[in-house]
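Right after this note come the structures.
Two complexes, one shared chain (chain A), two partners (chain B, chain C).
Entry: the complex of A and B
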């Protein structure tokens, strides 16, 4: 009682009410403790397991494969991982908000096809880029609108928009072809595919920028707080008065923009846009895989950019090592599928579903 | 009254204009939305539209030869759709069906062409391959509890990887194999009585799964788990086993489909089964009208699949490519899902908006009552003796037996007995479970009671209650199933034992009957129960809130109060088909129950009083509709139900006396009255007491049961 009075008089003087900052009146964790929590094994077992596995894989590859642990190969790994990282950033934000974007690859292909066609038609590079970004924003907003306002579950609506976007885009823009060629001789295209800023490839730098932007978005902005709130408990986030619908639209626009950036980097690098990766490819599953492997749970509300990085490291190293070992793409896919299944099983073991709160349609 | 006099009297009365069946777009909308089958209408409508368009644009599409080809080529994917239905019904999803289909087809081809096994061994092994993939999926999702989407995504990639690796090794060898087997060819190409074998297999599978969902315990368990997993768990259903088994069964069906495919195609390519899961899912979602777990409608699903398949086929014939068809599928998916979500969300809102369906109603001018009008008459009910105060809650009807015991129903579903002679001892006579309203004694002195929400019941003694009827025949013109008697209101028994009773409104319940006034439509009906053969018949439909019923003193006519029209109607019991005539119209209030008086006349309870404003409002349906929508119910303009009274009519329908309550009570709304040995007992549906007044000039020896069932002397 006495202390309470003292506190309140003190806070009245300073205008700094401790109860306001810490409503439960608990001791706030010190900075050091926060970092300890962030990296404690007990709270993040999956990350440590995956990190351990990655190090083990790197060690095995370094011993088994000649030229694996060289600067040149590592930069190849980094360059190959760029697209996955960028796509993973978008997918991570969506999954943390308890959504899922199965149309990401579709958007990526559609947007880069438009980009390529505009360049081939002789449009200015900046205009093509702008058009690509605008299209990505429109497609992302479509997804967000279907999910937030029409209230179709994310899984179903993005599944449908994936078919819709890829189908109509190929039909409308490509007249049934599945390849769009990017004019590789353009200086801007060359800059994005093989250009370097000092020793770092431009694409890797873009990947890092997207990572940092995602980090800032998730941890420093209002939208980021809403992403976590929605992922934790969508209903209570809505009842709190958060504008969850608007937020959903922005989240899917963000995902589409990452798809756009990844698409431009990939198509600049390879010189083609291949529509077959929408149906035949496993890129979408790889994206979901790196997100899940890193310890971002599918039910949302947990995880961040660091988790994503862990997943990306494992998959890229594995990818690179298997390619160096001359394993065929089919075998690689098989291995990836098995890894995805094990990641899901481990995730489920660490974050088990509660049979009492489990609802129907919760896939 | 002699019979000649009688018919003359009747024919002097005006006939009530015949109420035809109600046609109103509002009512059709709301009744349609209330039906369960409306949710399954989407696949039927789209299928119908599609076939119409095809019939108009394409010649010979539905020719037998083309249909046979379609049936042959669609069967395997249709079986996969049923497999998907099994998995979706349990609340999961299976994205691996395409890969599993390809792998099983490969297994069948390998075993047949390279291993050279006989068909009777190839068949079970192919099924086993599909079942194995299903087992893995079921283990991951059911036993370990992983999310179905990602787990099956993982198996999809893995199984596809296995298939591609294996097929690279053997596909060339398979396609160059020359093995010939009659059974294999028969399954692949032949028809049995004009129907392709694979289609027959599909039919058998569809019927089997349909029967499984409808009649077997396992099928019910699947639907229960899909409908509400938590509830299913609490009900003791072995969740893990049921989920596992449904995945295995789904996988087996995929294997079966792959076997049919292998026998027909005799080859497989690297793209076999690619995109099959999306194709099948689109058909399923269109068939179910949304992604709805817990539903096992096999035939709707197949219809949805057929729509998608035919649409794709037609588009390809019309020269469109696969990419366009993919886009169209996506569009269909989004449309169906959007309609489903919006429908589920808006259904109640539309229903609430469309349900109230007012109609213009011209009220008769109020009868000239002279000195009997409330403003002149002394409030004769003001000094009533009160019985059972606080012990009877809402006695809508009261009745007395020969011994003078008083019975009444209460709001909480009981029938109370107030013992003679002073009616101070109150006991529960019987519990009905509904809302007991009208009461009557039959020839054996058993109490027959109308229970709102339940029907017509008979009480042989304390605690002995039996149902006489709760349903009548369905009327032909109603979309709503109107068999159930929703609000049995009052009854009376004719000398031949037939029980005439009213169902006051078919559209509202005991709690919301007030809305029926705002409608002002003929929503009620007069029914007849014949105890001789136990049948219930609708005598007169579309009556405006038929309420009190009374058989006349001579036992030849029936009086029925039509509350909102403020009229008493009369039927000839011998000629019921002639319809009612007006016995009394333009009453100053809303008539409720009617009962016999000792002098050969009738008592009429007025539940409330008319006012010129509400009479005017009844002429304007738009006004009533706007009021119901925009104004809270407590502020509605409504009939004045705060005060009532009792009118006395002679045998010819002339008001001879009026008993009004005082503005400050004590009886307010009066819904019933019974005369017994010179006293009048008064009940009110919102009262917590029964009133009694003594009648000076009445026959002190008269009582109700004796009037209906004269004792042999």
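Entry: the complex of A and C
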């Protein structure tokens, strides 16, 4: 595996991410150089543009809306952004590997439904949690297997599994119903929805832990290096002997696990598991949007947790500010759509199509 | 004397026989009105207690009276719903039962169906386009009654802030449009009432939770939340509970009055609920189908209408029998 990584690093060097330029960094760049590269405006202009827009939006809201820049409101922003952040972590890893997981929300809803049904049936909380995680692992592995071994493109296979999972759950577990109620009176559910450790909400702490885990996965593990190598050039990564199939299965399992964690937090908060968000909701698009907005390109091989965080901050602050300004959902969607299109146009202007894109194509 | 008694008995028996024969003929003729007729129900989605309740009522009538009844589920897919409706027109049923997601979506198709001789019964959610019949709640009345209750609880003399958050399902849905208009008409007469937020949740409990949590943070003295549908209001109610404001903020909702919602009223997630009893609406829809098949004609420029009676369920006076259960499949 190490030999493969050394060989694949040659192709990865065509990119501008230090993780790709230098999978075994100590051999070429110093640690300081790596950090300088990481935060260089020249190498990551889009991130700084989005970060600048976010700061500008925060400033505007802070001036326009009384009580916007308060600890209480910032805490609400963080709590409302938790699920998006956790889902974004899973989606970011998938997209960096040049994949796409359209089944993420389906998995989230399915495992939360199983979790809720077990709790309602009187099962122990830990057993319900364990069952939800096991189901997530199975569903993630199914996605990974279809993509890696059956070689169905990620777009098609995860679209199919999204429909399959949601359909099976509604037909098999819910007899056609679309809603599962979570028993909010259980202390464990209360812990996830309103619990605090010191002054920090439990859900936010879980979000931070998932962010750190994703950072460690991407930057400190062999699997993380493989994710970048696969995203940069899948064929090269495969030809160099990397076990890309096994890696793909693990990547989709990781995505499903983030979906499971997000699902338990969301359902504990709202007291419901709502299957309509699979077919009608905009959550999946928001997850992809925060990932892309922060600078993680759909063509893969670039970006990291920092990029995701930038996207989440912008979208969450916009949500909160526009809600406080009492703007309608349509106007909110319009603003988000305009920002996403602007970001893509700016990205295309700053990073014009190159030989790499022409060879591999966009997603 | 005996002759006269005999004659009277014979006359009585003859009258009874004639009446019996006539009544059998009348039943037979009524039955023949329904035979061979076809009804297609196009709901926004099955799997909701509302639509399941309505369908149960209509299906019972179909089985009793011998007409065909079919459900074509749009499963929350609005594009599919238009296509399903267009296909239903091509299939030439006698009646289409339409559950309009918005006031515009099916308007043109309803007009086309009616002009093709297919009667359209709109159920609970009205389109901009009138048709032969409507069975459902009077949304303006619900909006007005809820607003008046909010004014009594939060308005002048209540000692409360008068701040209200409204959470419609979709701003273009018929119920949300009518309830918003009626509510605002009442609030305009009461300047002490301030609507601090009026944002749609797309019927999603989690979106309603996020909106309510944000609004509560900004307005800790909020007096009431009015969710236009019970299901998404569960999310709003849980946000109020989680913020520790269950005793200060009144949570209002409307809906079909199924047990799922009533469990949430009992648990203090929803405080006051205007139920239009979906089970009763199903029975009314079934009866309306029969009347339409018998040839009932709407008044000039209007529709045959049945307004659903309302049951106001309050947390403090909650009775389990105020709700209904969908029989297990």
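One rule holds in what follows: the second predicted complex is superposed on the first by the 321 of 363 C-alpha atoms of A that agree within 3 Å, B and C clash if a C-alpha of one lies under 4 Å from a C-alpha of the other, contacts with A are read in each partner's own complex, and residues count from 1 in each chain.
Simple rule for what comes next: a contact is a pair of C-beta atoms (placed from the backbone, for glycine too) under 8 Å apart; a residue touches a chain by one contact, two chains touch by 3 or more.
Nothing here was measured: the structure is a model prediction, and the numbers come from that model.
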item: Partners on chain A (chain B, chain C) - clash or fit; value: clash
item: Contacts of A:80 with chain B and chain C, given as first, second, both or neither; value: second
item: First, second, both or neither for A:168, with chain B first and chain C second; value: first
item: First, second, both or neither for A:270, with chain B first and chain C second; value: second
item: First (chain B), second (chain C), both or neither touched by A:176; value: both
item: Of chain B and chain C, the chain that contacts the larger number of chain A residues; value: B
item: Which of chain B and chain C A:156 touches, first, second, both or neither; value: first
item: Touching partner for A:324 - first (chain B), second (chain C), both, neither; value: second
item: First (chain B), second (chain C), both or neither touched by A:279; value: both
item: Touching both chain C and chain B, counted on chain A across the two superposed complexes; value: 170, 174, 176, 279-280, 282, 328, 330
item: Parts of chain A lying in touch with chain B, wherever the complex brings them together; value: 100, 146, 150-153, 155-157, 159-168, 170-171, 174, 176, 275, 279-280, 282, 285, 288, 292, 298, 328, 330-331, 333-334, 336-338, 340-341, 344-345, 347-349, 352-353, 355-356, 358-363
item: Touch list for chain C against partner chain A, complex; value: 45-48, 52, 75-77, 171, 196-200, 202-206, 208-211, 213-215, 217-218, 231, 234-235, 238-239, 241-242, 260, 263-264, 267, 269, 329
item: Complex contacts: residues of chain A adjacent to chain C; value: 65, 67, 72-73, 75-76, 79-80, 170, 174-179, 181, 184-185, 193-194, 266, 269-272, 274, 276-277, 279-282, 319-320, 323-324, 326-330
item: Residue ranges of chain B in contact with chain A within the complex; value: 91-93, 140, 144-151, 153-162, 164-165, 168, 226-230, 233, 239, 271, 274-275, 278, 281, 285, 291, 293-294, 320-321, 323-331, 333-334, 337-338, 341-342, 345
